[in-house]
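Chain lettering (A, B, C and D) follows the sequence in which the chains are written, and residue indices restart at 1 in each chain.
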């Protein structure tokens, strides 16, 4: 069993520590929240590890991850490895790898999929970086992924950045899949032909072409709230869908489904759409069509 | 100058009567609303016309038009012509033509574009039906269309149904055009790079590639309300966009822009989207992502 | 064990007979192809069954199914049941049920999902019709569906038509799911960041959020042909996607993903797009942009 | 009348020189092509102008424009002004303005619309930069824009970058408008209800809601080639559509129409779509659906 430093013990990192420890690994965790942290600081974490060290960073993408990597570059020594397992944009990886490289520290970028279920089911892993570094970290990958054939939940996707790129596309697909189920749900809900929508969706879980893990989650959600009436139709997005679309643009790849899924989220967050006000204004102008005007008080 | 019976004196029909009379035609109008009607009933209208008659129907599409045509079939006599100038679905035209045909009455379907501005500017006209009937009605078409070359505002599109089909596609395009301007407006509005959005849009009126009549109407709307803040982003649809999309499906024609424009209208009318509740539910299930829940009281 | 007449022994029906027989049911099959048929004609099939009979129709949707139902209406007697398990449009079901009803024959419409894998894995089933008829046919449904809890692969979706409606929406979702994976595949393929695309997709099979049966099939396809280079990007559609979109229109439900997936198929079948010729023509007109012209010989 | 240096005498710059000279301005042009150039080099151009100078750059966006601006920064002196009238990305403008600013040279970014017709019709102009610089350049703007009220073809859109931003959105809208007309054309073409498609489109030029300059160009194209059969359905894109979509993403603005128009162009350039091969592969896997395979020889 091997030793791992783990920075970031939020929803994902906390569960990963549990799963790694259950596999017998020696995990030393650090988080700003002392209630969950094993060490008081990042230097203390590094000090607690025996060189050559492997430190897995599991903090929010963007500045938090970049800053953590920069701090680690100062603390770690030649032969150590840093793994960024967050949802970083793949374009961050080259800079991270270069910075660490000047200190002789290796770098792997890992896309980690599985959400809060990963602790129990294992995580799907997509890794970018050098083969030797991947081999060094394999015991941790093997502990994190589901049991069974390694290649069904782990891939060495390519050089630095390839892991996050693969995860980015994975999440872009995820947007499309969710929206496809959602449109079907809304149509079944809107029509009165099918009298028991949750039962129909439940029956898609086995045998059908649309069976999937996301469908099983939809069944769970409908079990708890058969009309999904306690939720608002308000959906955030966390970056990967946008990046996927930007990559599609950069590569001249048509992505109508992924973009439609992203735009549906954007629209879900608008109280009143400027574009639809413009369309309403145009209809009023040319046709004298009735429009809804806001009640303006006193 | 010629004599025309005109059934339906609403927003469109009323203005058309004005324009036809201004050209010197003898128009006898009938409307259920006695304040605008020239005659007390449809039979009285027919009685007031000298055979062979031309009767232009300008009532709402669907049952009102079909019923009016059916009534006229009983009242008119061989050699008369009925013109349906409403936004009927082209599939209604064959039935109308057949019914009238059994009485020896001709039938033309006319797509009329121009909205409330047609009285002043003239109307664009797309006509379906037999050549001889089109010739008989040409004086009215010439009066209704703008001055200038006939072929720039009038087309004999084909046999029965072709006029409404052309108008249907015209309106489908119109949906796409309006949505394109609307998306551009929303982006200019959302970004803070352009400091005076109405001035920019005003400046697109001449010289640019995007200049159009719809753009001029958008400028008018922004003149009255620079942020379009008195309107709600709530947009009805009146059928032609749906039919265009259904025809695209029937002919296996990709129509991503027209469908996107139609769906934006559908979405604009939803208080809370069932599909987006489903996406929110899925995200909560797999990721523990925060969702908005409705406040349930009591 | 129970007795079933099965009309149509093609790709689906043949496999279903196998699975039903493997469960111990007595299946008498009829197909126009004598090589696979148990009986020489539909009357002979009916004659071979003991009343009250259950006859499952598994022939192509549209006229073939309607004609078979009409024939059966003449051959069957009060208390018998006809099941349409094909991909019929749900609007056909009411007519079928009424026709059979005049002969005292019951009717169930069943959406059957699972493709060629159903024989081995079992089929997902969505059923429309009367509760008593559903109960009568339950032994066959139980044999056809996968083992395990009935409600995970079988639903009584509602009255006549509800089974096919549920299957229609299922297939609409399926279009969206496939297109989402396909866009992700194309982006991975077009970019050079990920060096081993099939390995990455293979690694999505377990642990990830996008794991599904369709993903496993994509892995199979990539195992056989890692670049999918032996296939043409030409995709048929068999009706359910179109109907789903038409139902979305009828119910004013935004369906951007399902429509995008359908339009991608339409476009895949065009050698040269008239709309894109129009865009090329416009760009040439206003900008003198270079266009590709066809080589005209002779 | 005023003096202007004009760098870049291609399709746009050449025509602009003509129009400016026709207004009486003294234009000194430079182009790498000696056949059209008034001067032998950029330094010679600058030498030929009387300070304080105004130099209008009209070369391809990206490196050519950036390099020209950098050269001019070395050649010009305090109080001069550089105008970038190309289709530069608005994010280039800040860097250009800063570089020139260190030499005391002012900077304006101008979006110029009108294509090859601008020489005759005048150009629509959207300008970003300081008010004083805009005033200095106004004689040239007035000469380039169509006659009539200034505000209908000219806007001072905001600070540096606002001119190109406005032009970017203008072009994004243009993509959507063209695709809307194109889809309508394709549907009319595919259906056989309308027997004379070019005549119908010609008749949309006056009176209708969809009348526009682009429509008039489509009529011109159809006059020359009624089926547009000499063109290939292959459409390039030159950046602004992509940037508009990226800005929509950055501002969380749904842009389904503009993205659909862009993706249609991407797809038009693909010989064989990887995504559609993936969909075909999936259908073959689950349904045994017939697929088209490529003929592999040898």
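Side notes on the structure shown:
Heads up, the rule we're going with is that a residue touches a chain if its C-beta (ideal position, glycine included) is under 8 Å from a C-beta of that chain, and two chains touch if they have at least 3 such contacts.
By chain, UniProt protein names: A, B, C, D = 6-phosphogluconate dehydrogenase (Decarboxylating).
On a predicted model such as this, the values are computed, not experimentally measured, just so you know.
Look at the CA centroids: the one farthest from the centroid of subunit C belongs to D. In summary, the pair subunit B and subunit C forms a contact in which both copies contribute largely the same residue numbers, shared numbers making up over half of all those used. We define each chain's centre as the mean of its Cα atoms; on that basis subunit C and subunit D are separated by 46 Å. Chain centres here are Cα averages; for subunit B and subunit C they lie 38 Å apart.
Subunit A and subunit C have Cα centroids lying 32 Å from one another. Counting partner chains per residue, subunit D shows two or more touched chains at residues 115, 179, 181, 183, 186, 190, 209, 214, 252-256, 260, 263-264, 267, 270, 273, 275, 286. If touching chains are joined by edges, the resulting network of the protein chains shown connects every chain directly with every other.
Remark: subunit A residues 11, 115-117, 178-179, 181-183, 185-186, 189-190, 214, 217-218, 220-222, 225, 228-236, 256, 264-265, 267-268, 270, 272-294, 296 touch subunit B in the complex. Residues 90, 113-115, 118, 121-126, 145-146, 148, 151-159, 161-162, 165-166, 169-177, 179-181, 183-184, 186-188, 190-191, 193-196, 199-200, 202-215, 244, 247-248, 251-258, 260-261, 263-264 of subunit C are the ones that touch subunit A when the two sit in their complex. On the side of subunit B, the complex with subunit C involves touching residues 209, 242, 245-246, 249, 252-256, 259-260, 262-264, 266-267, 269-270, 273, 275, 286.
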